[in-house]
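Shared between the two complexes below is chain A, which pairs with chain B and chain C, respectively.
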Partner chain A sequence: MADYTKMWTDLGLNLDNHDALLANLGGAYQSIFMTQENRPAGMGYFDFVMSEAHGLRIQELREEQEAGRKIIGSFCVFVPEEIVLAAGCTSVGLCSGADFAQEEVEKVLPRNTCSLIKSFFGFSLGKVCPYMEVSDLIVGENTCDGKKKAFETFKEMVPNFYQMDMPQNKAPMGRKLLTHEYKAFLAKLEEMTGKKISKKDLQEGIAIVNAKRAALSRLAILRAADPCPISGLDALLINQIAFLDNPARFTEKLNALCDELDVLVKEKKGAIAEKAPRVIISGCPMAIPNWKVPAVIEAAGAVIVGEESCIGERGQRNATDDSAETLDGLIDAVVDRYFKIDCAVFTPNQERVEHIKEMTKNYNADGVIHYGLQFCQPYIMESFSVEKTLEKDGISVLRLETDYSQEDMGQLSTRVEAFVEIIK
Partner chain B sequence: MADYTKMWTDLGLNLDNHDALLANLGGAYQSIFMTQENRPAGMGYFDFVMSEAHGLRIQELREEQEAGRKIIGSFCVFVPEEIVLAAGCTSVGLCSGADFAQEEVEKVLPRNTCSLIKSFFGFSLGKVCPYMEVSDLIVGENTCDGKKKAFETFKEMVPNFYQMDMPQNKAPMGRKLLTHEYKAFLAKLEEMTGKKISKKDLQEGIAIVNAKRAALSRLAILRAADPCPISGLDALLINQIAFLDNPARFTEKLNALCDELDVLVKEKKGAIAEKAPRVIISGCPMAIPNWKVPAVIEAAGAVIVGEESCIGERGQRNATDDSAETLDGLIDAVVDRYFKIDCAVFTPNQERVEHIKEMTKNYNADGVIHYGLQFCQPYIMESFSVEKTLEKDGISVLRLETDYSQEDMGQLSTRVEAFVEIIK
Partner chain C sequence: MIQAGIDIGSRSIELVVIEEGKVIVSRQAESGYNPVERVQELLADISFDRMMTTGYGRASLEIAFDYPTVTEIKAYGTGAASLHPGVRGILDIGGQDTKVISLNENGKVSKFEMNDKCAAGTGKFLEMMATTLGYQQHTLGLEALKGQEGIEINSMCAVFAESEVTSLLAKGCQRADIALAIHQSVCRRAVGMIKRQDLKTPILFAGGVANNACMIHLLKQTFGDDLIIPESPQFVGAYGAAVLAGL
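Now for the complex of A and B:
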C-alpha cells in the first residue's frame, strides 16, 4: 500500500485519529466481509476500492481538483448528482457511518441525536474524513429536524457549507420548492466553476447517473434468485461505494460483476445457501462502515435480498428522463425523478410501504426487518404504520431500533435469530 | 358546580377516565396555584375559568355550535386565529399538557416521542379532552418531524383532521408557502361554513386578536417591576387560558387585572418578595396543566418574569397590521405577522436568541432557564447555541430537559435551586 501520509497531512487530517480509524475499519472489514464464503470474483474490485477509500480515491479526487474540477460533498440522495456532473464537478458522499470523537460531539449536540448526525460531527471534529476535507463545497439539506438544526452548528465548523431547503410534502408547492432549490444549486455550481451549464452538459450528467442506476438495478434484480448469487453485505457494500467511486468506472465494474452473477444464477450457484430465509431490510440509510445489523442478519443464516434505503433501492430507483428539448425541461425531469423519492420526511408517504411490498414480492422475501436509527423520528414514527400495513398483508416484520455502538449486539442477535426462525 | 355529566356523555368522553383526570388536575391546581400568597384579586376570574375549563366553557362552545358557529381546535400558534374568527368560527387550543393513557399511546407512537405529542394522543385515546371532542375541525401543522409524522396516525383517530404545511426557513419561497397554506385554510373554513369571508370579517378578526395580544403584552411589561406584581405561575396560567377562553371577554378581564397590577406596581406591592432572583423561561410551550418547571422555579424563591415560549411572548408578540385596502392585502398582513414567529423549526432562527436577550433586558432578568421537552429536537438542538450566545453576553443559562412525569422532580429542584443561588 502506498504511503499517503503527506496527502493526509496536506488535507489537515489528524494522523493519530485517522490511523486509529483506519485500523478499526480495516479490522471490521476483514472480519465481516473477508470471512464470507463463495464471494463472486467481481467483488475483488470493490474490496480494492474499499481498501483504497482513504488512499487512492482521495488521490484521484485531488488530481481532479488540480485539473480544475470541484468536489461536492453531501449527506443525502436529494443532492442531484446529475447537476453536479453537468457542472463538471464530482459528487461524493460524506463519512457518517461510525462513532468518532463522541465526547467532543456531545459538547455541541444533544445526546439524543441520531448516530448518523453525531457521526459526521465526529468525523469533522476528529479530522478523520478525507472526503470532508477534500470537498470544495459541502451540501446539507433540510430533510429531518435533526440535520436541519444540526447544520446550524455544523456550518460554523465547515466554512464551505451550502444549505438546500426541502419540501415536507408532495403537493404542487412542494414541487415548486424543490425546483427552486435545484435551480439555485445549479446557479451556485455555475458561480463556483465560472462555467455556464448547457443542455448537453446536463444530458451527459443524466446519462452517467442513469447508467449507474441501471447497473444498480440490474444487481438488485439478480438477487431475486434462489440461491442468491451475492450476499446482502456485499450488495450493500456496492451501494455504499456508489457514493464514493468514479461513476463511469463504478458502472463498468458493477456490470462486469453482474455478468458474472448472470452465470452464477444460471448455474444455481449461490453466495448463500439455497432456501436461506430471505429478508428485505428497510428504513434508515447505512453509510460506510455501518454494517452492524446486516452482519447480524446474515450471521443468523438469513440472506438480505434488498435494501429499502437511501443507500439502496429507495435512493437508486427511477431513471431521469433525458428527452427534454431545453435545459429547463431537463431540470424539470431531474426534479421529477427526485420528487418521487419516498423518504420518511415527507407526509404522507404512503408510496414507501407500497414499495416495500413490491420489493418483498419481486425479490421473494420472507420478511422485512425495519432498521431505525435511535432518535430518527421520521423513520421510527413511520415504522409503526409500515409494520401495521405489512402485517395486514401477511408480511412478517421485525422493528429494530439501534445506534452505531456495539453495546446491543447480543440483544440484536437474539431478536434477529428469533425472527429468522419464524420466517424460515 | 353544575353537573355536566350529560354533556360529557354526549361528547363521547370516557367518564371514568375524565373524572380521574379532573381530580388529578384539580389537586395540582390547588397545591400549585391556590397556595400562592399575595395573588392579585383579578386572578379570581382566571381561577374560575380554570375550574370551569371542562364545564361551563365547553357548554358555551356547544351553545355557539348550536347557533351555527364552528369550533376549530389546534395545537400551534401558527394556526391564525384572525382567519378563524373572520370565518365566524371559534379557535381553541387542544389538550396536550399532561400524560394520559401512556400505555395505549406507546402502542402507536415511539417511546422516544416528546411529551406534548404523546399527551394529545393520550387525551384522544383516553377520550378525556372535551375540546378535542367538541371541535368541528382539528388543525395540525407540519412544524416539527414529531408532529408532522405523528399526525399520519392521529388523523386515523380523528376523522375531522386538517393538515397545514409549513415552511422550514424564512426565505421568499417559505413565505409563499405560508401564504398558500393560509389561503387554503381560509378556503377550507369558507367551505365548512358556507360563508364567504369579506375584508370586513378579517378586519374584525384582526381587531379582536390584536386587542388580546395587546392585553397580554401589557401584562408582560408590568412584570418588569420589582417587586413583581404577579407570579410567573399566574402569568403563565393567563397565557394558557388565552387559548381557551372567549377572546373578547378574556381581553376585558385581563385589562381589568392589568389595571389592578398598575396600582400594585405604583404601590410597590409584589406577589413575590422584592429582590427575588428574576428568571426568563425560554423554550418549548407549556400547555395546561404543564406547570411542573415553573412551580419548581418559584418554589426555589425565584420569580419568572417572562415566558419566551409559544404559550407566552413568542406566540403573542407583534400585532397584525389592519390597514390594507383589500382582503388579499389583509391576508398578506396576517402572513407577515405569523412569518415573524421565531419557532425553532426554522433554520436559521437567529431572531430567537436576540428576542431572549431583549426580554432579559426589558424584564430585568438575572438569568434564563431553557426548558426543553425531551426528544423535542428543534428546541433542544437550538438550546446549545442559545446557551453559548447568551453566556457570551454574560447572561447565565440553565438548560433543562424534562418530560411530563414527576420522576425527575428531585433532580430538577436541586439544579434549579443551585441556579437560583448563582444568579441572586
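Now for the complex of A and C:
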C-alpha cells in the first residue's frame, strides 16, 4: 500500500489508533483468507480492494468529492442506493464489524448493547474509520430500538447526521411512511447537491444498482453447485465489498469472477471438497471485518452456501422495476423493492423463515446456523420461532449467540463442529 | 483391536481403553496447567491400536500427537448409546460446562445445547460453593441431603452466588440448608435446559457432577426412573471416544 499518511491526517484520523487497527485487520485477513486453498483467480481483485480499503478507495472518494460528488455513508440496506446515485452522490457502508475503543464507547452506551452499534461508536470515537470521516452525510435509520436510541447520542458526536424513520410493519400505513421517508431523503440530497433529480437520473441509478444485485445473485446461484466453486468466506467478503466499492466496477469484476466460476462448476472443480456439509448462515449482518463465525464454520470442514443476511441475500434479492413513466412512479418502485426486505424489526415477519427454507432448498444446504449478535433483540427473539419452524420441516438448526470478541472461540468451535458432525 | 479414548476437559482428563468392547483400563487425572504432559503420563504404560480424543483440550492433543479428534457432543452421544442402548437424552454437567444432548432412535446426536461462556451452574460452581461453605468437594452433595428446604439461591454466577451465600451465613442460616439450596438452583437450571430441548427419555446423567448424591436425588424428583446414572459418569465421553476410535 502506498503512503496515505497525509490523507489520513487530513481526514482527522487518529494515526496511532488507525495503525493498530490496520495491523490487526491485516493479520486477520492473512490468516483467514489467504490461507484458503483453491481460491478462484478472480478473488485477486477483491483481495486488492480489501488491501486498499483504507487507502486507494478513500483516495478515489476524495477525488470524487473534489469533482463535486457528495459521499453518503450509511449503516443499513434500507438506505436506497438508487436515490443516492440519482442525486449524483456515492453510497458507502460504514464500518461496524469490529470492537474498537470499547472503554470510550461504554462511557456513552450501556454495556449490554449489541456489538454492531458499539462498533460504529468505537470507530467514530477512536477516529479510525476513513469512510465515516470522508462522508458528507451519515444516514442513520430507525430500525431496531438499539440503533434508534443510540442515534440520539451519535448525532451529537458527528456534524452531518441525518435520521430516517422506518416502518415497523408491512401494512399500507407502513409503506406510506417509507415512501414519505424516501421522498424526504431525496429532497435532502437535492438540497445538499443543489441538483434536481430527474426521472432519467433515477432510472440510471436503478440500472446501476440492479446490475450490481444481478451479479450478486448470479454469484449466489453458482454456490448451489457441489463441489462449491467458492468458499463462503470469499462470497461473504464479496458481499461486504459491495458496500464499499464503486458499483459499476464492482459489477464488472464480480461478473468476471462468475464467468470463471461458471467454468469451475462445469469442470466440477471446487474451492471446497465435494460432499462437504453445506450450511446457510441466517440472522444478523456481518459487516467488515466480522469474519469470526464463518471462519469457525469453514475451519470445521463445512462450506457456507448462502447468507440469509443484510450483507447477503436478504439485502440484495429483488430488482427495482424501472418501467414507470414518472419520477414518482419510479420512487414507488424503489419503495416496493425495499419494502420487501424481511428484516426482523418488522412484525409480523413470516416471509423471512419462508426465505430461509427456500434458500436451504435452492442451495442444497444440509442445515442452518442462526447467527445472533448478543443483545440484538429482533433477531434473537425471532431465532426461536425460526428454529422451530425449520425443524418442523426437518431442517437442522444451530442457534449461536455471540459478539465481536474472540473469547468464546473455543465454545463456538465445539458447537459448530458438533453441528457439522450431525448434518454430515 | 485395542482402542483408546481420551476426554481432555477443563478440570480433568479421562482415559478409557477397550479391547473387543470390554473396558481394560480407565484412569483419571487433573488437567492442571499442562494437560498434554498429564496425557503423556496417563498413556505411559499403555499400548493401543487406535486412538480418538475429545473434550475442550482435544486440539492440543491433535497438535502434540496428531491424534484424531471428535467433539465431546458426539463422544458423549456415542458413549451413552453404547453403554445404555435406547437412551434418548444426555445431561452432562462437567467441570466448566453443561450440555444437554438429544439422541435419535439410532443413538445418533440430533440436537444439543451448551451453557454460555461462563461456568454458572457447573461442577466448578459447586466446587466454589463447597469452599465457601467449608465442605470437602466430594462430601458437598451428602451434606446437602441433610439440609432443610426453604432457602432460595437466585444467582447462578459463581461470584454473585458467593456473596449471596455469605449473607445467608451471616443471617444465621444452616450451611447444610444453604448447600441444599445451591443444588436446587443448579438442578432447576439443568431441568430448564432439558425441558427447552424437549428431551425424550430415558436420560443419562453424565459428567463429574453425576457423582453428586444430592444432584441425583433432586433430578430423580423430576425424572424418576427415566434418569439413568451410569457406573462411571465422568468416563462416558472417554468411553465414547474409544468406541469411535474403532470406526
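We take it that the second predicted complex is superposed on the first by the 424 of 424 C-alpha atoms of A that agree within 3 Å, B and C clash if a C-alpha of one lies under 4 Å from a C-alpha of the other, contacts with A are read in each partner's own complex, and residues count from 1 in each chain.
Convention: a contact is a pair of C-beta atoms (placed from the backbone, for glycine too) under 8 Å apart; a residue touches a chain by one contact, two chains touch by 3 or more.
The structure presented is a predicted model; accordingly, all values stated were derived computationally and were not measured.
Chemist: Pick one for A:385: touches chain B only (first), chain C only (second), both, or neither.
Modeler: In the superposition, A:385 contacts chain B only.
Chemist: Just checking: does A:194 make contact with chain B only, chain C only, both, or neither of them? Give me first, second, both or neither.
Modeler: neither
Chemist: Taking the superposition as given, does A:394 touch the first partner, chain B, the second, chain C, both, or neither?
Modeler: neither
Chemist: Thinking of the overlay built on chain A, is A:165 touched by chain B (first), by chain C (second), by both, or by neither?
Modeler: In the superposition, A:165 contacts chain B only.
Chemist: Quick check for you: in the superposed arrangement, does A:411 touch first (chain B), second (chain C), both or neither?
Modeler: second
Chemist: Tell me the contact category for A:152 with respect to chain B and chain C: first, second, both or neither.
Modeler: first
Chemist: What's your read, chain B or chain C touching more residues of chain A?
Modeler: Higher number of touched chain A residues: B.
Chemist: Tell me which partner A:345 touches in the superposition: chain B (first), chain C (second), both or neither.
Modeler: The answer is first: A:345 touches chain B but not chain C.
Chemist: Would you tell me the residues on chain A in contact with chain B in one complex that are also in contact with chain C in the other?
Modeler: 401
Chemist: For the complex, give me every residue of chain A touching chain C.
Modeler: My answer: residues 396, 401, 407-408, 410-411, 414-415, 417-418, 421-422.
Chemist: What residues of chain C sit close enough to touch chain A in their complex?
Modeler: 56, 70-74, 97, 108-112, 114, 116-117
Chemist: Over in the complex, which chain B residues touch chain A? Could you list them?
Modeler: 108-110, 112-113, 142, 144-146, 148-153, 163, 165-166, 168-169, 171, 173-174, 176-177, 180, 344-345, 347-349, 374-375, 377-378, 380-385, 401
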